[in-house]
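Pasting the structures in now, so scroll down.
Both of the next two complexes hold chain A, though its partner changes from chain B to chain C.
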Partner chain A sequence: MSSIWSGIDIAGTGAEVDQTWIDTIGGNVANMNDGVTPGQPVYQAQYVDAGEQVEPPGSGAQGAGVGVQVDAISLGPATGQLEYDPTNPVANAQGDVEYPVVDLGTEMTDLVQAQTSYQANAEVMSHATNAYEAILDIKA
Partner chain B sequence: MIPAIPSIPSIGAAESSGAAQAAASGSAAGSATDAASSGSFANMLGQAIDSLNGATNNATNVSLEAAAGNASVADATVASTEADLDTQLASALTDKAVTALNTIMNMQA
Partner chain C sequence: MADATESIGILQFALDAVVDQQQTIANNISNQDTPNFQADEVTFESSLAQALEGGGTATVEDSPEGLASGTDGNNVSLPTEMTLMQENDLENQTVDNALSGQFSILSDAITA
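Take a look at the complex of A and B:
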């Protein structure tokens, strides 16, 4: 993953993480209406834990950052919220259905952030490419 | 008397590459690898082509993986952009080296 075009690689790791972020948001939104009988396992919202990638000390880069990575996927609450819906086939004896804890508003603002971040990384990639091309264009 | 011109390292390399090519003309490609250890022009050119080949192969593979859904679009973009830059770098280095060699070759007595 390391080449002489490190600027492009680093922006690529950012785009990679943002892609994962957008994917998890998509999963959360897609599963927000997965109602289950209370007590059954309910869908847990997924959140990306991102962390810095650092070149190991002594490798010549003096611990310079080499990008970002997905450290882990955190999960939302394991117990969902109960809604009274006695006509639902999965409702329990009390007429309750358990839904995942996913807030659509939060997911949408996260999506805007993820998209902006993806675009920012694409922009870094584009400008880094222009910079590298400028140095390659030097004529004798 | 005119003092001797001190040798310039890069010209020395070009001279030795000329010698290596002269030696290689008899035994074809065999001694090209011998010249490789001495950092010659032929070696430098060969390495540039090799790394270029590797970069374009990698770009092709990652693009195929992305098309098959196993790699991300970002991966494919990074790989193809880097292959493009590698191509330009190899081309620039080769142009400069050939220019240097031609300059030496065109020296008039």
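Take a look at the complex of A and C:
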């Protein structure tokens, strides 16, 4: 998938992974208070597994890095944490409600990291564009 | 003293190397959060200087950057990459300007 504008493409793969990362963080935070009756399926936090993308065998520059990709989305624990809240309509006979395992602190630090990474990739795109423009400008 | 076509050949090598370098930096930055990713670096400057002084062929070297890794096994340093990117930008501009210069010399010679 390498093109003559590889610098821009590579930064694009980075921004795409960062976007997926930010989306999963959004989902985790939005669902962190989804209480259910204990024993019912509870929301499982989503985490992005990123992996390097390399040129496949047989291509010109085999093994050269061409960016990053989402290898998989891992899920958090399927069993939530119990909280005693007898007035909650979904509480069980013991008065417990099951909440998803989402750590807001972790989600927020991840969000900052994802945002910084997104900015860095955007910066690379504009640098690469300038560089290609300078090359296109070579003339007698 | 190199003539114009020789200089263009040298500058062409440098431009290829600079573009290679830029792609490697882009790859390092896009993988700054990839677990166990190790940053690479492309160098050609000393090899080119050596070839220009003592003859021989200059090569583009692709090697691990070798910085210390964090807890996730990743060793990309964003400040390092940003600095390298700025340097790479300037190198690119320098080579492009030099190429334009060589081409105008050729063009002047042709139209003289």
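Here is the rule we go by: the second predicted complex is superposed on the first by the 138 of 140 C-alpha atoms of A that agree within 3 Å, B and C clash if a C-alpha of one lies under 4 Å from a C-alpha of the other, contacts with A are read in each partner's own complex, and residues count from 1 in each chain.
Just so it is clear, a contact is a pair of C-beta atoms (placed from the backbone, for glycine too) under 8 Å apart; a residue touches a chain by one contact, two chains touch by 3 or more.
Remember, predicted model here, so these are calculated numbers, not experimental data.
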Problem set entry | Clash or fit, chain B versus chain C on superposed chain A | fit
Exercise. Which partner does A:Q19 contact after superposing on A: first (chain B), second (chain C), both, neither?
Worked result: first
Problem set entry | Partner chain(s) touched by A:G7 [first = chain B, second = chain C, both, neither] | second
Exercise. With the two structures laid over each other on chain A, which partner does A:T129 touch: chain B (first), chain C (second), both, or neither?
Worked result: first
Exercise. If you stack the two complexes on chain A, which partner ends up touching A:Q46: first (chain B), second (chain C), both, or neither?
Worked result: neither
For this session: Of the two partners chain B and chain C, indicate the one touching more residues belonging to chain A.
Result: C
Problem set entry | Minimal inter-chain CA distance - chain C and chain B, angstrom | 9
Exercise. Chain A residues touched by both chain B and chain C?
Worked result: 11, 121, 140
For this session: Report the residues of chain A in contact with chain B in the complex, numbered from low to high.
Result: 3-5, 8-9, 11-12, 15-16, 19, 121, 125, 129, 132-133, 136, 140
Seminar exercise, completed: As the complex stands, chain C meets chain A at residues 15, 18-19, 22-35, 37, 40, 78, 81-82, 85, 88-89, 92-93, 96, 99-100, 103-104, 106-107
For this session: Going by the contact rule at the top, pick out the chain A residues touching chain C in the complex.
Result: 6-7, 10-11, 13-14, 17, 21, 49-52, 64-68, 113-114, 116-117, 120-121, 123-124, 127-128, 130-131, 134-135, 137-140
For this session: Write out the stretch or stretches of chain B touching chain A in their complex.
Result: 72-75, 77-78, 81-82, 84-85, 88-89, 92, 96, 99
